[in-house]
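Chain nomenclature is as follows: A, B, C and D, assigned in order of appearance, with residue numbering initiated at 1 for each chain independently.
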Amino acid sequence: MAGLDPQFIWFGIVSGSLIALGALGLTLIFGILDFINIAYGEYMALGAFVAFSLNVEFGLPLFVGAIVGALVVGPVAIALDKAVFQHFRNRSAIVLLVVSIGLSFVLRNVIRIVWGSGSKRFDVPIEEAPTYFGVRILADQVGIVVLSLCVLGGTYLLLRRTDVGIAMRAASDDTDLARLRGIDTERLVLYVWLIGGVIAGTAGVMLGLDAQLRPTMGFTALIPIFAAVILGGIGDPVGAVVGGYAIGILQEASVVVIPSEYKPLIGLILLVVGLLTRPDGLFGEATR
Amino acid sequence: MTTSEPLLEARDLRKTFGGLTAVDDVSFTVDRGTIVGLIGPNGAGKSTTFNLVTGFYDLDDGEVRLRGENVADLSPEERSQKGMVRTFQITRELTGMKVRENMHLGGQDHDGEKVLHALTGAPSAREREKELEARAEDLLETLGLWELRDEYAGNLSGGQRKLLELGRALMTDPDVLMLDEPMAGVNPRLTEDLLSMIRDLRDDGMTFLIVEHDVEMIMSLCDKVIGMHNGEVLTAGPPEKVQDDDRLLEAYFGGEV
Amino acid sequence: MPARKRDGDTGNGINRRQYLYGAGAAALTGLAGCSGDGSGGGSTATEASDDGGTATDSGSNSESGGPIPIGNLSPFSGGLGWIGPNSRRGVDTALNAPEGVNQAKVLGRTVEIHEQDTETKPQSAISGFKTLDSQGVFSMVGPSSSVMPSLVGPAQDTGLAIVSPMTGTIQLDEVGGEYIWRTVPSDGVGARAQARYAYNEMGHRKMALAFKNDKGSQSFSAASGDYFKNLGGEVLTEVPLDPAASSYRSEVKKLQDSGAEVVSMTAATEVSGLFIKNYVEAGAEDDFDLLLGNDVLTEGFIEEMGADVMEGMVGQAPAPGPAHDVFLEKHKELHGKAPGAFAASAYDSMVLQALAYQKEGEVTRDAIPNHLYDLGNGPGKKVSTFAAGKKAIENGEEINYVGAGNPQNFDKTGDPLGPFAALQATDGKWKEVKVYSAEDLSK
Amino acid sequence: MGYASLVVTVAIIAGIYSLLAIGMNMHWGDTGLLNFAHAAFFAIGAYTSAILTTTGGEGLLASRVVGFEFPVVVGLVGGSVLAALAGVVIAVTSVRLEGDYLAMVTLSSAEMIRLGIKNEAWLTSGAQGIKNIPRPMADAFPLQLGSVTVGYDLFYLGFLLVIVAASYLAFTRLSESPFGRVLHAIREDEDVPRALGKHTDVFKLKSFGLGAGVAGLAGALWAHFFFAINPSMFLPGLTFTIWAAVIIGGAGNYLGAIAGTLFVVLTRQVTRFIPGDIPMSSELPFIRLIVIGIALIAILYYRPAGLLGDEERLVAGQMEAE
């Protein structure tokens, strides 16, 4: 058994950045809308594939594709809310969960029809990563970490400093209370889909850059993202980000101890433990 | 009417939510065969106290004694099995179940609730179900719900739901029945019937702890009244005495809403 | 009867000969007669009148002397969904290219393909198989390793033969020869070539195995490791690759740390692509050489990954059969691109089946078990197109089909034995660097 | 030719899926528990029965060392019991959770189980799967009864139908019994039965165990019919399919669960007959999934009670939510 290689820590930071980014968007949506959106993974994939089309099919620079791909998901998320989720607003979280499963099937297969079911890569060369202090670090990975930090920081400022953000936090704490205080929750819902969608798109593009693009890429990334959301405390953006990094690093470092084929177990176990250690589940609702 | 030992006793109940103390050192006793009312303005901590006594909230501190036994560590269902049964403030009738099913659910010690007995249709289970049927019929007649027995509970009016909930609780043959705003939404004529029914049950030896908004009604019904404000017990005693308690009047009408 | 109609299927007008399938009616006499009865009630065909107008009263789908229904049960979605289209184009080339089946015609009839998707899942494969059976196909181009074991029973029960161009699993080495055939060599054979190349040509003694965690890839990998050990080498570790993973960095690291000189990495394109990316990024080229599986030995894959990334990597594939170049041309002409993985063996599967019916003299499910072995093994005139084979058969000659994917010399359990080539990526192309004969690779 | 055989096979698949739907209906329809681990219970049943009735492998890929060669009936019972136990174990940790959180825990548990099945080859043969699973009474068929030949598949279908019918009767009986009444009360509002002295956690465990057990039985029946099993048969998508079946059929109604299953299975089968020369035929597998996704959303919107569900009950429930 090898000691803890700093290389794994770096891998963990990279994948942690991706998980944190995904978890941030998901937890924002979760906080306001109070349901688990399984289709969120497909939002991520969509951003990545739009970026792919621009980058590979239209030959634009990747950063242009990435920006458009990320931005496009916001309006798409709003449109899907208008088309689907809005009609279920007064139904239970469980119904919404099942609806989002249906939506995720639709989106994933639309992606397959449009872009094919095989794997794709952005137009970036595959190169040996240079070594710094004994750790192999790719420029792409640095980009992922830096961009993630920027988005995380930007969102933090947005939540702290802008009216919309403050209203969002209030509504996330207690939707009914927010409504009593005269916050227009329906307008907030639009903002949250917009912001959450753009973050999802960004996460998807980054994921595609780090690995490759597949129609199922978002769906398979969901479990560690959910784990981060739950570990961090549902609806708590800072917690989600911390949870994301924790899971990323733990997961990558785990291969020192457990066989790599069981690496996904880390996310699964953390998800289950995170849920179970929260007495009375959802926000401790039974005691509210 | 009272025995030496109270049937139900709350000792130094305390509960905080976040930084907020909802119930602070609340103590009171409920004697066997009495009707005790719990009153106080909104946010006084009545419902929280109720939930603490019945076990739906965990105590931060304190004891709940039933017949002298501390039941604070028992789950709500265990407390219920010991004879302490509650209703809910917002009616929690089971909307997707029929009125009759709601009633039968109150039956205790039912073999039919065991998988194997249910599957084999054991005689003991069938017998028990028959007993429950008879009992439910009696109660539904009394409550004026017999005609609605095959209706989904969700189709009942607010008042009818309250009655159904009361009936369902009575199906358990409780020693102490804890009613959370039992009269809210019930029409005045029926309210009178209900009150006399509660008195009759009391006279038969049943004990009541009632949370109610309608102070007048409480005063006329109860043997003892506990007044709460800001999570604390302000006063306790016979209705005549509590009625004139300045602090309670202050709490109710003292300007803060 | 719904079916996948092909361009070449134009119908024959009034001269079309009609066939009546006597047993078709028998099959409908009840559920009872049909299930599990190995004789396959519908498998005998009797030639009937020349009358173009008479509808049969059998109620079965065999009402005309029109196209012969043949199945293509392949993965078009799911984990191996990328193979189905390759197979489809291979089959299409066999049917519609010059000298193809539908030009020369089997017993005067064209072939009509009924496609079913296995979704790479056994339960869907069984539904697909039974659907084909109900549509009255006489044999089929078959599915992948992942679902094949679930079809062995049904194929025997219904007497409906499967000729798979893509099932490599060594689980099938001892099975088949009657209703189960394949036109792609067993992984056991390819793996021997790989192990040999690593041991003899590259001079490695320490190997590690990495494989996509599915049936086919694991089978190949295990066989390669086993043979490498037989040669005297050492297998240090096995690393399964989860197809859902978003990186294989820790797996690559583990392989680097294992001390292996060479890694046999068997996986389809998705997993291979990501693995190679992580392999290059980690600078693992300095630590170990990479041997790739069959699935990625296409020029498309080199193009996707970049020629410089792939430069020097080694894989192995059945040495193309003698007819491969011709097939390549035909495929390009029909489909505008080079054939994908398993297209050539799908081509062979289709041509062989058509030849079997021609040889049998009638269209029956018994044609495959009766003739496939002889068609592949000779002795007789070597042919590599359906037209040539048909002509020889009509002249009463024995034939030996030599295929595009493989010479298609079968053993007794329906597996082709043939030469294998080691290929190396050089300037964006796969170049043959070593060919092992069938004798070299037999146990 | 093979139409009869196709019908029998499709009926067998529908029958086995019906058992899954029956189990799911006990969880969701009767008790309101969100179980996303159904594919795992199915897998446990299939693998347990396969391991109990086959021998450990030989040869290169045979890493499995465990195998018992017990009679099939032992496998069927063992598979059901172990799946039920797994259901109870998962439930013990998580039945207290709110609905959608229970869904996440069960989904994660199912993934862990699948990961284990895939990687613990000494027990399960890993990715290679288990083959040569014996069929009960296979030697007796085809059976000649006068002029009629009874094929094995037909026999198995009959055997299966008896089990489906028995399960249907048993679960309907449970649902209508006082036991079921408590489950329904839990579905409606768990606090009420608790206030009435019902140990709701115990009832939920029983519900979970029973539903998982019948799913395990379905798995065992699956394994013994289809000769071979491997991990790719038990993806989470199967759980989703059964969910769709129960919701489409009408949660809370066992006949609805079966009808929903028939609907889903037949939809899949019928689309297999769509000719290949229509536009976008090569996208058919994806379009099929899109259609199922849209159907699910549409049914939840337009007919939340499903095809055979009790709409009045649902409406009665909704009035309160207003």
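Just so we're on the same page, contacts are C-beta pairs under 8 Å (C-beta built on N, C-alpha and C of every residue); 3 or more make two chains touch, one makes a residue touch a chain.
These figures come from a predicted structure and were not determined experimentally.
Common neighbours of subunit A and subunit B under the contact rule above are D. When C-beta pairs in contact are tallied for every pair of chains, the largest tally goes to C-D. Chain centres computed from CA atoms place B at the largest separation from subunit C. Relative to the whole-protein C-alpha centroid, the nearest chain centroid is that of D. Centres computed as Cα averages put subunit B at a distance of 74 Å from subunit C. Between subunit C and subunit D, the centres computed from C-alpha atoms are 33 Å apart. The centroid of the Cα atoms in subunit A and the matching centroid in subunit C are 41 Å apart. Looking at subunit C, one finds that residues 77, 81, 213, 240 touch two or more other chains. For subunit D, the set of residues that touch two or more other chains comprises 118-119, 286.
Within subunit A, the positions touching two or more other chains are listed as 117, 261, 264. Residue ranges on subunit B touching subunit D, taken from their complex, read 54, 56, 75-78, 80-81, 85-88, 92-97, 101, 104-108, 110, 112-115, 117-119, 121, 125, 128-129, 152-155, 168-169, 171-172.
Interface residues of subunit A facing subunit D in the complex, by the touch rule stated above, are 35-36, 84, 87-88, 90-95, 97-99, 101-106, 108-110, 112-113, 117, 223, 226, 230, 259, 261-262, 264-265, 268-269, 271-272, 275-276, 280-282, 285. Contact residues on subunit A toward subunit C in their complex (touch as defined above): 2, 5, 7-8, 11, 15, 18, 117-119, 121, 125-129, 131, 136, 138, 207, 210-212, 214, 216-217, 220-221, 252, 255, 260-261, 263-264. Contact residues on subunit C toward subunit D in their complex (touch as defined above): 2-5, 21, 23-24, 27-28, 30-37, 41-42, 60-62, 76-79, 81, 85, 113-117, 119-123, 126-128, 130-136, 146, 149-150, 152-153, 157-158, 160, 170-171, 213-215, 218-219, 222-223, 226, 240. Interface residues of subunit D, counted against subunit A in their complex, comprise 34, 93-94, 96-101, 103-105, 107-109, 111-112, 115, 118-119, 240, 243, 247, 280, 283, 286-287, 289-290, 292-297, 300-301, 304, 321.
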